[in-house]
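Mind having a look at this structure? Questions to follow.
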Amino acid sequence: MQNEKLHEECGVFGIYDRSGEDEVAAKTYLALYALQHRGQETCGIVVNDEGVMRSHKDRGLVPDVFGHGALERLGKGQIAIGHVLYAAKPVQSRSSAQPLMVRHVKGPMALGTNGALVNAHELREEIERSGGIFHTDTDAEVISYMITRERLSAPSIEVAVERAVPRLRGAFSMVISSPTKLIAVRDPWGFRPLSMGRIGDDQIVFASETCAFDSIGATFVRDLRPGEIVVVDPKGERSIETHCGRRGNVCVFEYVYFARPDSVIEGASVHMARQRAGAFLAKEHPVEADVVIGVPDSGLDAAMGYARESGIPYGVGFIKNRYVGRTFIQPTQMEREALVRIKLNAVAATVKDKRVVMVDDSIVRGTTTAHIVELLRAAGAREVHMRISSPPFMNPCYFGTDIDSRDKLIACRLSLPEIARETGVDSIGFLSVPDVERIAEGAHCGFCTGCFTGKYPIEVPAEMPANKFDCPIPESVKNKKK
Amino acid sequence: MQNEKLHEECGVFGIYDRSGEDEVAAKTYLALYALQHRGQETCGIVVNDEGVMRSHKDRGLVPDVFGHGALERLGKGQIAIGHVLYAAKPVQSRSSAQPLMVRHVKGPMALGTNGALVNAHELREEIERSGGIFHTDTDAEVISYMITRERLSAPSIEVAVERAVPRLRGAFSMVISSPTKLIAVRDPWGFRPLSMGRIGDDQIVFASETCAFDSIGATFVRDLRPGEIVVVDPKGERSIETHCGRRGNVCVFEYVYFARPDSVIEGASVHMARQRAGAFLAKEHPVEADVVIGVPDSGLDAAMGYARESGIPYGVGFIKNRYVGRTFIQPTQMEREALVRIKLNAVAATVKDKRVVMVDDSIVRGTTTAHIVELLRAAGAREVHMRISSPPFMNPCYFGTDIDSRDKLIACRLSLPEIARETGVDSIGFLSVPDVERIAEGAHCGFCTGCFTGKYPIEVPAEMPANKFDCPIPESVKNKKK
Amino acid sequence: MQNEKLHEECGVFGIYDRSGEDEVAAKTYLALYALQHRGQETCGIVVNDEGVMRSHKDRGLVPDVFGHGALERLGKGQIAIGHVLYAAKPVQSRSSAQPLMVRHVKGPMALGTNGALVNAHELREEIERSGGIFHTDTDAEVISYMITRERLSAPSIEVAVERAVPRLRGAFSMVISSPTKLIAVRDPWGFRPLSMGRIGDDQIVFASETCAFDSIGATFVRDLRPGEIVVVDPKGERSIETHCGRRGNVCVFEYVYFARPDSVIEGASVHMARQRAGAFLAKEHPVEADVVIGVPDSGLDAAMGYARESGIPYGVGFIKNRYVGRTFIQPTQMEREALVRIKLNAVAATVKDKRVVMVDDSIVRGTTTAHIVELLRAAGAREVHMRISSPPFMNPCYFGTDIDSRDKLIACRLSLPEIARETGVDSIGFLSVPDVERIAEGAHCGFCTGCFTGKYPIEVPAEMPANKFDCPIPESVKNKKK
Amino acid sequence: MQNEKLHEECGVFGIYDRSGEDEVAAKTYLALYALQHRGQETCGIVVNDEGVMRSHKDRGLVPDVFGHGALERLGKGQIAIGHVLYAAKPVQSRSSAQPLMVRHVKGPMALGTNGALVNAHELREEIERSGGIFHTDTDAEVISYMITRERLSAPSIEVAVERAVPRLRGAFSMVISSPTKLIAVRDPWGFRPLSMGRIGDDQIVFASETCAFDSIGATFVRDLRPGEIVVVDPKGERSIETHCGRRGNVCVFEYVYFARPDSVIEGASVHMARQRAGAFLAKEHPVEADVVIGVPDSGLDAAMGYARESGIPYGVGFIKNRYVGRTFIQPTQMEREALVRIKLNAVAATVKDKRVVMVDDSIVRGTTTAHIVELLRAAGAREVHMRISSPPFMNPCYFGTDIDSRDKLIACRLSLPEIARETGVDSIGFLSVPDVERIAEGAHCGFCTGCFTGKYPIEVPAEMPANKFDCPIPESVKNKKK
């Protein structure tokens, strides 16, 4: 259930097509479609045709925003970048949608980023004190300033980026278009994924996830290294590695829930990582049962892994109503529980009179879980054993994930037996931190597990608000703080 | 892929609430949500509050049609009936949406039906010759006339229905509201499902599928018998069995594809029937392979059945993009193949270098299948063995299913080896007719398999157009015929 | 101000184009645009292409309903008919929009009518008792039945119409399309206007008002005679005059307010009739004043007439905000008076320190009038003398005009001095009945002034509800009556 | 006809309510409604509640943008400013809508401006060279930078504004909200109007036109002096007159066409100015005729003036279809001429067999005029004498009016006799420049007549593009220039 899940904020995509045919907008559109799960609040595309940039962005899903001829109006070009954004709070101003397009003395620049800076506040103040003005509350605007100010003295846009990066602390996987160049940048800590691909000889692409490559027929080339800057221009692509050196710390939740199962991050299949999580879970928390089921969609892979490891048969425990979308309108006279019942239905043929292992990937507040468990009981399940394929959330994320405040997190509020009682299950088991760090088999990186452990790869300012993230906070809230 | 599938036309729902509280509209809304897979073209609800009927219906999905206060405006009542409709051709006139509401000398009547009559044309002519006029081209209007004309002399609405039924030949599962009664009717041949349920002591409900009961917390009571008329009024419910006697002939495709897996029809679980279909398929068409995968969503159950029976591991072969809906806009400059690639993506981790059994429930034209197979090849599958959990379509349906014309059906055009070649698979196998008749284990009915065999439970007029169905054919077409 | 006005229900249009080019839909669209003032609730067009009829109708204004390709989808044809409808109460069901299209044994028929029958209720009961069913609560459906039932035995559609007309009592100006003929009918009492025009040699048109002819470049031929039936088919046009004979009784309010000033009805210019009304008013109710102003838009013509006759200068007293349309949203925190202020503003340069004669065409409830007078006072008017270019409404209309119930009509509630006091004017004067009957100089007809006098050209059933009109009354209301 | 008219770009409004009740948003909404004629492309409102600013702006008309709860969501506050914008070319990016809201070191600032700077390009370059970045192509963003940069050293926002004004050359009437102050500024040349009003003791308002005051019940206090800065805060209002001194040069076209007739600018009634223009025209270009008519809506006042001065009777020559709005859809198969015919219709009763003086306020390209003249001829007018209540346009405007390029202006292309021939009139006469400067009787200002004479009150850079204006030029165009 969406409203019981953590949310990742953004997905980015960029394409450079030497041949300059009219497909860069269409390919960006298809890629954003494939990245839609990373952000459903706003989306946007900027097309760069020989230095002339056309932009379209708005609130809404990719097909809604780019219908009605919007895609066609973007026209042809050599470069396009795209962005999907999730916002924790409703976006007040459409101007916060990305890519952000700014003009400065050396021409226009468009930029889309995924992640969150921990020093955005300091940088913003520094810029304002030297005459800058801000239209939005986004990290994207802060980063744009840092780059364009360097650009005043730098010999090229890539040198400006290179000089700006050391000032930025936090998570940022980003794509930038200058009038003639496409630049991709991954922060030196490697929090968020960013991959490079290729279509034929003429086209280089970058995307937050490799599933975007499949959707446009691109082949995966490699992941960007933490700190790497890749520049693509008519002369080809080249890498600036000044800021490389650290080992990556990919957010482990990318494997557990955020990324699409058909994506491969740092060499490890997300689908396989989830099955492994389920298998580890079976070892850590075995139970005698008749059937293993997953909570659709994201709990299914781990459930299969659990079933395979435990030898207990895998079954289809729930049917998800595929017509329940954003537009679900709850009749005012119905209780909230109906919402769960219309979205999911238990398959009695699978669970009736059975001891059921129900696998889900995470549990945030726990209220929806309780309703789901009721569905199983009503369908005749004799026992329900909940297994969660990640450790309990206990801490804020400073790098782009929106986590509920601590007082709402069930794992902060209650002990394990209390959680079991509150959600109505017969037993409960979470994956351990050491095991969650092993699910991405073969990944050539380390992981950030700060939300489970409270230990982060980068120093977090004590006074920083929890849940600081790169999304437009309503003006009211922000201004109040000042 | 939707556009490669057969389509069922309709779903019906009815509720009688003795207590007359204000939830009949909301419950009908939730039930139609659960029945949405049976029809996405139009939907409608009629609420009957002590003889005053309020109606709302329109083109579009349930949440779209009933948003913006439409549901609230229906108000409270004792009876509500609802309908979802699939239309093979775009509906020209909204007035064809159901429930159909008519007024006659004994007051208003609302009616929603699922199925198709084979003698609609004759009845229509008879009515017109005696002074009737038609606003739509629907069976619902023909049936309304047959009932209201009997009503002129009949002592009650249920007697009028009882007298009208023998005149109707074909498939009709319907719900009717008179000012004071809710009536459910199933045709004497039992082509389409229709079940009765209960909420507490005061509420009786009817629905095309039992999944609608789960969505509103109703408990299943029983299926209507073929030919049965159930009347619910303030005195309780009673059954008129004058036309009962025949053994049912449920459309076997309800089990194979139309119905939701969490529904139970005539005592047999749809989910289990699909798994059994897969298991039979494994016996009929075994193959040496490394993994069994299903084409989402409807091929998954049969794939699991195949895997279990064959002992070959089950795997997740495809990820479906859950944001691709009705609004997908294909960039004009992209080839049609991109449509498949954005909807589905193969999971390389599952199929790379593997011999793959790919299970789907049916194959209509075959073009989409070819694209899906390409996805597997591109992801590295070494062999692809296609298994179809139903026999090949070769004949028209006269009872409410929209089947392509024969010259487009791949099974009519090509031999098995040719189908394999055209779709690019290494081998192909369809379920046999005798086995498809065994999938619904425990069902207390027979089956209609006319679309596979050309033998129908009822005589089909030779001159009848193939694909005659209860959907508004554009006026132009109809009038041309006259 | 719209909400203080009487409303006419409908406008009709029909075109027959022997050449059968693709302009009949477009011309009907333009004609309905010109007739939009006669009805803003629903509109529709039916195009008849060699017996194949295509229809599009919906709630909304003409440009909204026929945008997005709807007009183009109607295609080409030889005949088209169109209709705009005003509904006193919100239309519950779109199926009440006209033209009504029905099918019967002799083929399809489309029909649009303007007016109201006084014996609709009787006819409806008669039809229901002989096996008819009703989908709507419109006179159009009753008339359709009367015609199609005659058609069963009549040798042609026009003979069926001829036989049906004597059964219909009340106001009906209508256009009918059969598969090959366009038929226009005006009721024998001539309540509502209906004119015939011509475009070149090949096209015959009919419209409620001549302004529709101007919008499509047609030339006026003549008004239909009361009771006349005109048939247009490939052989040309011919008239059936069986029911002619009575002198017409045109609703005088067509001249006063309903019709567009650029229309000519029964030979009399509406614009000139309004100026004459103003001139008569000046003679009946002279006053010493400095300036004569009109309430936009419909009071302006009469104000000019008053000014010319009285010799008092004409001035522009109000500016109407041309951006206030249907979509005006009143801030919830503002009082209702703001609505008047945003729609109209007084021109201080015209009225300051002046004795003002303010001319309007009618006064219904009086509340808006009071707010308008306040605007003049606030702008500095020293005296305000209200002159109304029609007599006071005191009686219901049974022929197609929606008049408020008596207890809301200011002229029923209050005496003249009380009206002056309640609306805040210094003096008040209404046009007399004898004078209102003289405003349409040269008109070759009599007038219906029943709403002023209570005397109608046709017997009105005593038990009939006031305000019976040809508009879909909500089902709830109707059914309650039974 | 709209598409044959010049366009003004913007209207501004601001309110300060000491009591801080919840009406500032609603009043701004009503005021923008009254100013809608000054700009229909975008509109926006910013509400300032104790330093917390909430903004809503979008493309579309005021009622469309602020429907659906948008107004309510703005909430209560002490200050609100609003803006309507006309854009010569379709606005690519919604972020160009005003008020522009920026954040800088001293807090947020919102700003809306009407007019155009001649040195925007220079200032923009200066800002970019010192590290600024631009999101839009608007003067508003340039002005925001100029003010916020001064703000870094200035002791208050008003001193920052005072220091910034001398850097700005051109037309700007603007309203600014800081966290605690409402500031109104009029440029030192006084190109565009800006008035101050009052509601009770607690509320001060500013608006581009006084008609906005009437719509909210405010009383006019005075016009701002050219160069004046008025600051309103909790201590009251005060004026900064450092930059005052010049005599105003109000755009004379404000009187001729832009402003609403019920507005009063610099002490002169717009309605009266138009009547005087007509009267002068009658003296300059007399003709023997039977009737004087105006082209609705803006030619009517001048026609009345002409009639009164000449003694020829005034008549209503045209009826405008009040349902033709933005949404008019021209049937593709109809010629463009139909557009004129559906919008306007000639009143034959007025013009038939008459010698007609047709008065309009201006003529741009002349094509629509030709169609209008045809309407009169078709209605039987014997002679048509066109009189234009302003001099011919021959030159670009640099101060906020969008004038067609010279090669399209009929007065640049053709001589007077040629214009008469091309538009089909019997004679033609334009108002002279000396007379147009006298129409605003009693106005305490001079006038800018640059578009007629080519002489501007301020030096215009030779290399400046014609039609430079404060509207978002599509990025493509802008960037191309660089």
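Should a chain be cited, it is by its letter among A, B, C and D, assigned in written order, with residues numbered from 1 in that chain.
Going forward, a contact is a pair of C-beta atoms (placed from the backbone, for glycine too) under 8 Å apart; a residue touches a chain by one contact, two chains touch by 3 or more.
Note that the structure is predicted; figures quoted are calculated from it, not measured.
Listed here as common contacts of chain C and chain D: no chain. Note: the chain lying farthest from chain B is D, by mean C-alpha position. Put simply, the C-alpha centre of chain B and that of chain C have 47 angstrom between them.
Rounded to whole angstrom units, the spacing between the C-alpha centres of chain A and chain C is 60. For chain D, no residue reaches two or more other chains under the stated contact definition. Shown here, the protein chains touch around one cycle, each chain meeting exactly two partners. Listing the residues of chain C that touch chain B in their complex gives 49, 51-55, 58, 92-95, 100-105, 107-108, 125, 128-135, 137, 144-145, 148-149, 152, 179, 474-476, 478-480, 482.
Within the complex, the chain C residues that touch chain D are 22-23, 25-26, 29-30, 33-34, 36-37, 40, 61-64, 66-67, 71-72, 211, 214-217, 260-262, 264, 269, 271-272, 297, 300-301, 304, 314, 316, 319, 321-325, 327-329, 331-334, 338, 341-342, 345-350.
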